[in-house]
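Below are two complexes that have chain A in common, paired first with chain B and then with chain C.
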Partner chain A sequence: QAPTSAPGARLSRLPLARVKALVKADPDVTLAGQEAIFILARAAELFVETIAKDAYCCAQQGKRKTLQRRDLDNAIEAVDEFAFLEGTLD
Partner chain B sequence: MASSSGNDDDLTIPRAAINKMIKETLPNVRVANDARELVVNCCTEFIHLISSEANEICNKSEKKTISPEHVIQALESLGFGSYISEVKEVLQECKTVALKRRKASSRLENLGIPEEELLRQQQELFAKARQQQAELAQQEWLQMQQAAQQAQLAATASASNQAGSSQDEEDDD
Partner chain C sequence: MAERPEDLNLPNAVITRIIKEALPDGVNISKEARSAISRAASVFVLYATSCANNFAMKGKRKTLNASDVLSAMEEMEFQRFVTPLKEALEEQKKKDKDKKTDPEEQDKSRDEDNEEDEERLEEEEQNEEEEVDN
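On to the complex of A and B.
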């Protein structure tokens, strides 16, 4: 179900159909426009980049070269905006 | 498409897409598997968070469909305002492509437009769409591989079932 009218050069690295499915999985959501899905996908990409970089800083502080789960835990706790993720830390 | 778990709540962003993004963001960095798993889950949660907020914003407006503007407002209100300028580039790209298509079709109605130009634009659009389809196909391929493995197991099981039912045929000539 690849949208052929997708934005050109700046393709999202996230599969748009899956992003759309995730949005629709919310029972409160009725309709989401295609462009809204596009930019949500791009935002999610930026989020992954940000949290990965933050976690890497933690690993570097611990003088490690491998990024461990605890680096992500630390990154999540350090940033206010990531508070919503505390439920996934199981 | 039937999913083996059959539950919308089990949806996540495919691991392959996350791995690719991690690799591009942190080249030459080793990342533990459970860390990757967490990133997959965090990304999924992020999408739920923003879409939920955007939905509320949408409900408060008179609109029925979540628009890019609603998503942008959601990002702002949840503390992700720094993403907005890059996210707007996607919108610009959408408009550029839409504009090209509209120009191409309106030119078709005018005489004397070089067909080569139309053809060139069309090929450009197709190439871009193909690229995205290739990426999607790659991920679906990974999922299919897993599904194929399961199918193989199922086939082995049913083959041993069939061996015992050869008495079903009757001589009805």
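On to the complex of A and C.
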């Protein structure tokens, strides 16, 4: 399902300074424009939404109402787009 | 203070809120799961940055721009993010346009604390000491 993009609907915002700190951590990056930082922050928000929803599908199969770490691990294994996360969360 | 990049976590409060908004009412999330999602988001930004940087370098540019990030999203197989991201960018541009025509807003935007108006990354550290959420 497509992530929500209704204007004004999203109040949760990741602080740009934190995103900038992550971008700075890459030694190969020289400079990043303001718009790039903004889009990265926004993309990270969409990513959190997406992975939370996918992990929830796993929890639903266990009929639980609380998302557990293992639901996340299952989602990472099951979804190709999350392959880049393998081995990074421990 | 050498930290691994993945330790640069995003604020727990915001991450938790985004997760809750994404899930149906009454669904909870364990601390471990929340923390793992937060770390995943950091890894995502790092990976996207690296991907985007490749596009910038291909274009012989030293500055990452918005289209580099969008290209990175497609490369990472998150094409479904591209449209909402473009919309968000348009919205932001409109807001910035409005800000620029209002002289009062212009003064605000010179304020160093206003993160959204920060320009490029400086190579020297700016005074941006923020409290790290642990």
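Rule of thumb we're sticking to: the second predicted complex is superposed on the first by the 77 of 90 C-alpha atoms of A that agree within 3 Å, B and C clash if a C-alpha of one lies under 4 Å from a C-alpha of the other, contacts with A are read in each partner's own complex, and residues count from 1 in each chain.
The rule is short, and it goes like this: a residue touches a chain if its C-beta (ideal position, glycine included) is under 8 Å from a C-beta of that chain, and two chains touch if they have at least 3 such contacts.
Since this is a predicted model, take the numbers as computed values, not measurements.
Participant: Let's test your reading of the overlay: on chain A, do chain B and chain C clash or fit side by side?
Facilitator: With chain A as the common anchor, chain B and chain C collide in the superposed model.
Participant: Under the stated touch criterion, which partner chain does A:57 make contact with: chain B (first), chain C (second), both, or neither?
Facilitator: In the superposed model, A:57 contacts neither chain B nor chain C.
Participant: Output check: A:78 vs chain B and chain C. Expected answer is one of first, second, both, neither. What do you get?
Facilitator: In the superposed model, A:78 contacts neither chain B nor chain C.
Participant: After overlaying the two complexes on chain A, where does the chain B footprint on chain A coincide with the chain C footprint?
Facilitator: On chain A, the residues that contact chain B in one structure and chain C in the other are 2-5, 7, 11-19, 21-26, 28-33, 35-36, 38-40, 42-49, 51-53, 55-56, 59, 65-69, 71-72, 76, 80-81, 84-85, 88-89.
Participant: In their shared complex, at which residues does chain B touch chain A?
Facilitator: My answer: residues 8-9, 11-14, 17-18, 20-22, 24-26, 29-32, 34-35, 38-39, 41-52, 54-55, 64-68, 70-72, 75, 78-80, 83, 86-91, 93-94, 96-98, 101, 124-125, 128-129, 131-133, 135-136, 139.
Participant: Could you pull out which chain A residues touch chain C in their complex?
Facilitator: Residues in contact with chain C: 2-5, 7, 11-26, 28-40, 42-53, 55-56, 59, 65-69, 71-72, 76, 80-82, 84-85, 88-89.
Participant: Under the stated contact criterion, what part of chain C meets chain A in this complex?
Facilitator: Touching chain A: residues 5-6, 8-11, 14-15, 17-19, 21-24, 26-30, 32-33, 36-37, 39-50, 52-53, 62-66, 68-70, 73, 76-78, 80-81, 83-85, 87-89, 91-92, 115-121, 128, 130 of chain C.
Participant: Chain B touches which residues of chain A in the complex?
Facilitator: Touching chain B from chain A are residues 2-19, 21-26, 28-33, 35-36, 38-40, 42-49, 51-53, 55-56, 59, 65-69, 71-72, 76, 80-81, 84-85, 87-89.
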